[in-house]
Amino acid sequence: MSILHTVNKSPFQKNDLTSCLAHANDDDAVLMIEDGVYGAIKGTQAASQIAAAGATVFVLGVDLAARGISEDKVADGVSVVGYDGFVKLAAEHHAVNSWL
Amino acid sequence: MSEDMEDGGDIKKFMYMNRKAPYGTIYALEALEVVLIGAAFDQDVSLAFVDDGVFQLTKGQDTAGIGIKNFSPAFKALGDYDVTKLYVEKESLEERGLTADDLMDLVYEDEDDDWAEKPSIRLVSRDELKTVLAEQDVIMSF
Amino acid sequence: MKFGVVVNEGPYTHQASDSAYQFTKEAIAQGHEIIRVFFYHDGVNNGTRLTVPPGDDRHIQNNWSELAKEHNLDMVVCIAAAQRRGILDENEAKRQGKDADNIAEGFRISGLGQLIEAGIQADRLVTFGD
Amino acid sequence: MKFGVVVNEGPYTHQASDSAYQFTKEAIAQGHEIIRVFFYHDGVNNGTRLTVPPGDDRHIQNNWSELAKEHNLDMVVCIAAAQRRGILDENEAKRQGKDADNIAEGFRISGLGQLIEAGIQADRLVTFGD
Amino acid sequence: MSEDMEDGGDIKKFMYMNRKAPYGTIYALEALEVVLIGAAFDQDVSLAFVDDGVFQLTKGQDTAGIGIKNFSPAFKALGDYDVTKLYVEKESLEERGLTADDLMDLVYEDEDDDWAEKPSIRLVSRDELKTVLAEQDVIMSF
Amino acid sequence: MSILHTVNKSPFQKNDLTSCLAHANDDDAVLMIEDGVYGAIKGTQAASQIAAAGATVFVLGVDLAARGISEDKVADGVSVVGYDGFVKLAAEHHAVNSWL
């Protein structure tokens, strides 16, 4: 059974994304929201961790836009979704685990 | 699905994820309050202590000098509430310079084994914990 | 599908309440049922009617109260968390000997059992916090 | 020596207010002068008189109010931060058309200039937060 | 000590340390409110943007989709308030995959140089910032 | 002029101690309080960073005791102080920088 994980904190200041990726199974999904969206920026340590992870990784587009991170800065392998996608991901997975 | 129709209701697997240290913030205490209330609902309850969450279980906590109530003794009551599965992640302990000896002795009496006293803390590796997490129906994070 | 939503931080200081609000609106728009919005930890502070945010910013409490009215949402503030933080309804204020209350329209104060119940009854429980 | 103390988080949720209280008491005990305690961000939530913490825990607002009374402390709650979060005194409540106020004894609501002034007048400004 | 007795008062060096990203928490916005009020007090004001604080200055912020007010334009007003020293740490930018081109153009008019328009953002290394920090009288952290 | 830095968050989950130590000058002091005191535990990555730092490092004893970290677990080179020491450190340094 697969889980949707949400991460809402910057990976540059807090370990939540690192810990989430280390605890996610390969059929899980990880969605970065709020300050968590900074994890989507390409060319960073966070992007390397995401590339190495087994889980599928998403990022909330409206939180990216709010922070002035344009989609051409988003690392390969990270899919941008809206709140509609967030609700769908929550429905498609068996449980939601928020990494607070 | 871990559903069970006896007693006319579903039994769900509830996981309380504890990732924060005690006292610096209130999340650990208020998480424990949820667990204690939740124990009355006859669900299949587990707790995980990951990252700084492992600090909640250290023995010898003495809060007199900071003026905050020491709530660590309440973990000892969990066994009486049939909350008997406390998963503590080995990697989190090691990174923090702790061993299982630094943690409180938490036990429960096993009604299926002539009320033998058994440890509630289950030391697990990160990989073992990933398997436990995948089985859960509801994950509450603190 | 039945969703439960948990809000663990107060208004303005963290984005949690804003995100939960957007998520709840979208879930309703997709035809899902929101069985409860539960406010815990500092989340109880979303339920005070005394906030006066700047006129050019969103009014978080009003947004929740209006959404609740429109869609008949059950918005529950945890009583234990609320007492610690000074969120009271008229009954609680009387019972505690306080001379004022501050609960906002559409919020009700109840116990933690309501959170567990939401976890049991909802198909998905989604938590927003810090 | 003159100290200013800044509290940026609310009661119970973070240790900041407890630490600031212990620091302030000790500074007074050492003969220093506390020229102001300034409550900013969620720190304004320390100034509500409506909290009802469990009987076996500390009462943070009472502790501050009593310390202020005993040592004539100037405890200032930032007005802009307080409005966002629903902390009002009687005047503010009237001005904003609210039917209740919740400020506790010993706290006064004023502007951010009081924080800058504390920075200028104090020999040391010590901040507690998250 | 950076004390100056002209105008009958001391001028102190005030440093506002910004280490948090905008919108996820309110600290960045409420820090800016302090800076704007503080500008009226005729002190020697600097801002530092370190760690996630550098994210406060990105250009193109558009908050319509999250329902929160976009306060980044207010940084452009700082020059008019004589707040002209914004130290941005290079190492913090680089770790986050950003360059100076990703930041807003912030300028002020230099009254000592025939009101020439000059950049307010000063890119500094961590070592340079350490030197600036050591000179401060009051450090406000957000 | 020297600064007293305070760090109140766990170094295992947040980068505040790392950033503080990287920005402290050799004549500065760093005081770990609240959840920051976990940085004092010997044998950890945080302890190595402290050992390599130029600044003098202190830890608040009452916050250690609250968390069940006995003083024999404190790394060499970290001095345990009480609130009296905290106030004295604040008075002895020119300014206080709280790493929030």
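Note that the chains are named A, B, C, D, E and F in the order they appear, and that numbering of residues resets to 1 at the start of each chain.
As a working rule, contacts are C-beta pairs under 8 Å (C-beta built on N, C-alpha and C of every residue); 3 or more make two chains touch, one makes a residue touch a chain.
Fair warning: this is a prediction, and the values are worked out from it, not measured in the lab.
Asks: Counting one step per pair of touching chains, how far is subunit D from subunit C at the shortest?
Replies: Step count on the best path from subunit C to subunit D: 1.
Asks: Relative to subunit F, which chain's C-alpha centre is the most remote?
Replies: If we average the C-alpha coordinates per chain, C ends up farthest from subunit F.
Asks: If you count the contact pairs for each chain pair, which pair has the most?
Replies: Chains joined by the most C-beta contact pairs: C-D.
Asks: What's the distance between the Cα centroids of subunit B and subunit E, rounded to whole Å?
Replies: Distance between chain centres: 44 Å.
Asks: Could you put a whole-Å number on the gap between the CA centroids of subunit D and subunit F?
Replies: 26
Asks: Determine the centre-to-centre distance between subunit E and subunit F, using the mean Cα coordinates as centres, and give it in whole Å.
Replies: 27
Asks: In subunit A, what residues contact two or more other chains?
Replies: In subunit A, residues 8-9, 12-13, 15, 34-35, 62, 95-96, 98, 100 touch at least two other chains, as defined above.
Asks: Counting only residues that touch at least two other chains, what does the list for subunit C look like?
Replies: Residues 12-13, 15, 19, 22, 41, 54, 80, 125, 127, 129-130 of subunit C each touch two or more of the other chains.
Asks: By the touch rule stated above, which residues of subunit E touch at least two different other chains?
Replies: Residues 19, 23-27, 51, 66, 68, 138-139, 141 of subunit E each touch two or more of the other chains.
Asks: Identify every two-chain combination in which the chains touch.
Replies: Every pair of chains meeting the touch criterion: A-B, A-C, A-E, A-F, B-C, B-D, B-F, C-D, C-E, D-E, D-F, E-F.
Asks: Going by the contact rule set out above, which residues of subunit B touch subunit C in the complex?
Replies: 9-10, 12, 14, 26-27, 30, 33-34, 37-38, 40-41, 43, 138-141
Asks: Considering only the defined contacts, which subunit D positions touch subunit C in the complex?
Replies: On the subunit D side, the touching residues are 10-13, 41-42, 45, 48-54, 61, 80, 83-88, 92-93, 96, 98, 100-102.
Asks: Would you tell me which residues of subunit B are touching subunit A in their complex?
Replies: Residue positions touching the partner: 1, 17, 19, 27, 50-51, 126, 129-130, 133-139, 141-142.
Asks: Could you pull out which subunit F residues touch subunit E in their complex?
Replies: 1-3, 15, 19, 22-25, 94-100
Asks: Applying the document's contact rule, which stretches of subunit D touch subunit B when the two form their complex?
Replies: 12-15, 18-19, 21-22, 54, 56-58, 63, 130
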